[in-house]
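Once you've had a glance at the structure underneath, I'll fire off some questions.
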Amino acid sequence: MTESPGAAEAPAGPAPPGAGGLSLGLDRVTKRFGERLVLSAVSLDVPPGAFVAVVGPSGCGKTTLLRIAGGLEAPSEGAAALGGGPDGVSFCFQDARLLPWRTAEENVALPLELAGVGARERRARASAALSEVQLGDRGGAMPAELSGGMRIRVALARTLVTRPRLLLLDEPFGALDEVTRQELDDALLSLRRASGATALLVTHSIAEAVYLAQEVVVLSRGPGRVVARCHVDLPVRGPEARASRPFQDQVVALQRALAAGAGRGGP
Amino acid sequence: MRRALATLGPPLAVVAAALLAWQGAVSVLRPPEYLVPGPIAITRAFLDDAGRLTSAMLRTGLAAAAGFALAALAGVTLGSLLAASRFLRRGVYPLASLLQMVPLVALAPILVIWFGYGGRATVASAALVALFPVLANTLDGLRSVDPGLLEMFDLYRASRSDRFWKLGLPWATPAIVTGLRVAAGLAVIGAVVGEFVSGFAGERAPLGIVILAALREARTDLVFAAVGLSAAVGFLLFGAVSAGGWLALRRWHASASRP
Amino acid sequence: MRHLLLAAALLLPACQNRPAGVDRLRLQLDWVPEPEFGGIYAALERGFFREERLEVEVVKGGAGVATPQLVASGQVELGVMAAEQLLAARARGGPLVAVFAAFQTNPLAVMVHAGHPARSLEEVWRGTGPVAVEPGQSFVRFLSRRYGTTPRLVPYQGALATFQADPGLAQQCFVSAEPVQMELSGVPVRVFTVAEGGFDPYNGVVATSERVLSERGDAVRRFVRALRRGWEAYLAEPAAYNPAIARLNPAMPLEAMNLAATRLRPLVESAATRRSGLGAMEARRWEELSAQLVELGVLSRPADVGRLFVNP
């Protein structure tokens, strides 16, 4: 297994309390689009600094859940609340959404530019963010010149450049190959650890969910209901974890929960 | 250098072949001069009057360019306004498209009454004809922005101004360039038709007047020479716009990178 | 099968609606229907063409209609044009032959508003105001050469609105048409004829091509005969035929047409017509025009006058 240069070997146990992490609470959120029921009474509690993953089959409404969490959609019933204010939320989408006429660095700097940050500071922070995703030397490239994986990395750098306190991630690495995905998971791990931000990740990869999150919520096939919540307790976090027994046990357990659509908690 | 030859070579070869065929047919069939002149006769007509025709070409060219510039500015501005306001769009857009349908020859005399003889009415005529494609393409481009990008700008709580200058306008640039290309050719037509009713005759005659006078005097060779020059003006304007478009788009848009 | 052929043979003449032996001719006008074509419309109204076994189709013209080219190329058999246009077309390989000259004195003129400072054609030409003329008119070259200067020339395409709107504008006209319309609309004008300025070619010239003349010469002769009678009738009583013209040209009121027609007689009649009938032409006039056009650079060499007109 290749070691991603940015990932540090971490002590066991949950991440340190998020110094700036926001909390997120979803209380019996239900969502209908017209006649179609998409989410049914989903409740979720994400304490500050925590990393929660939501998994489920296609069409279970997990993307909708994330959008409600971020305020892009309003719930039909129930409530979504951010503890700590609306500022500091950063989205990462499945598609990179880069502006094709700007260089990678200019793309990363976009949120800062729109917020009125000065040019020199923008450039410095964008450059630093690109370095953290190992694209420090490609700042001047145009999106068309970059591979799919590189573009996602630029998008990730852009998500992080604003130093967010809550990360909402919608299958950000879903379109990538396994190796690149693992590299980016490692990058995400270490970056989040450094900043202490809260994270809510939607993914269809159980392995990824176990690797990154402390709690994994399983949704049923649509309309989405919570069918399982699993607390993930790994003795070791980091690239070695993937080969370890506890990790693989956890993955199997979740797969069973996903398939069965029943059960709760515990490795 | 080789690239330039590869681009210019084929069309030049076709044109040369066509000219040879034309001159050949004229030399063999010998039609009367007033009916069909050959390329040699047309060239001679140009050379005999080169000074006057070149001034005429410059005059028409400048009027077309000025009209084009006006249409470009007004078209992008109006297109942007219409994109921003549904009310304006519903109210103004149908009227603007009506403008396109009124034949220019009917409008041109009114332009003379409003703007007077000479350059001004001609520029107005060129601008009028060239306006709609720019307006329509700007509107189209602005309204077809990728929804994912729009949503992202929403998330960043971008201002309306930022949304236009940093997202809408760059996104719409390829469409605008297409509109400008069409407008370039139309501006020349508009200029010549405008000259039919407003151009000065005599020493300061633009191409439109040269054409009319030549028709009346049965100087078909001169008509062709003048028409050829107006085509050259159109070609130059189109080329300038295309070059501008290439400069603006070359780093990121597929249309600029393909030869 | 035989029955079908017989039926067809019987039906065909009925379909064409024309008895055998009638010649069909198309006549292209160089302007919109106005009293300047009075003789043509009178001949139509009175059936003079029909009496000569002719079916004449009159095609309206306007600004920019290239009548000489249309006749020379065979699109129409006959056309009305100015004499200088005929000479120019012949010089470019268009073999036209004049058969009738309605206007023995050229009706072309320049009109100005009553308040305009110019008191003569020369003053108009030397003045600073714009002069609206049809591009390519030879009289423009003539006057510029005569007075040694060219005014600011703008295009005239037949619209009167621009003249009405601009008191400083001088405008080309036919003495029988535009000035009359202006007077009746309450806009007094002064008129300076081009003939007074020294340029007096035939106008309202009906021409055909050498080919039509050689192949259908008899029909052409009958046409001219009928046309001559038409002009005689029109000059005698224009008000009888103007309504027919007014129907074809709603832009000119009947009242204007009636007034215009009364001014035509001195232009249509001349010593030559009194000798040889309306429309008759003289070689001398054509030679004079040819020499003038050579001097102006419109022709590179004098025309062969003998070949370009006949009095059928």
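Each chain carries a letter (A, B and C) given by its place in the written order, and its residues are counted from 1.
One rule holds for everything that comes next: contacts are C-beta pairs under 8 Å (C-beta built on N, C-alpha and C of every residue); 3 or more make two chains touch, one makes a residue touch a chain.
If you're wondering where the values come from, they're calculated on a predicted model, not measured in any experiment.
Between the interfaces A-B and B-C, more contacting C-beta pairs are found at B-C.
Farthest chain from chain A, judged by C-alpha centroids: C.
Of all chains present, the one whose mean CA position sits nearest the global mean of protein CA atoms is B.
Our note on geometry: chain A versus chain C, Cα centroid distance of 87 Å, whole angstroms. A separation of 52 Å divides the Cα centre of chain A from that of chain B. If each chain is reduced to the centroid of its CA atoms, chain B and chain C end up 38 Å from each other. Within the complex formed with chain A, the chain B residues making contact are 146, 148-149, 151-153, 155-159, 162, 166-167, 170, 173, 251-253. The touching residues of chain B, when paired with chain C in their complex, are 31-35, 109, 112-113, 117-118, 195-203, 205, 209, 212-220. Listing the residues of chain A that touch chain B in their complex gives 70, 72, 91, 93, 95, 97, 99-101, 110-111, 113-115, 142-144. Looking at the complex, you find that chain C touches chain B at residues 64, 66, 68-69, 72-73, 85, 88-89, 91-95, 130, 133-138, 140, 144, 150, 152-155, 157, 159, 161-162, 165, 298.
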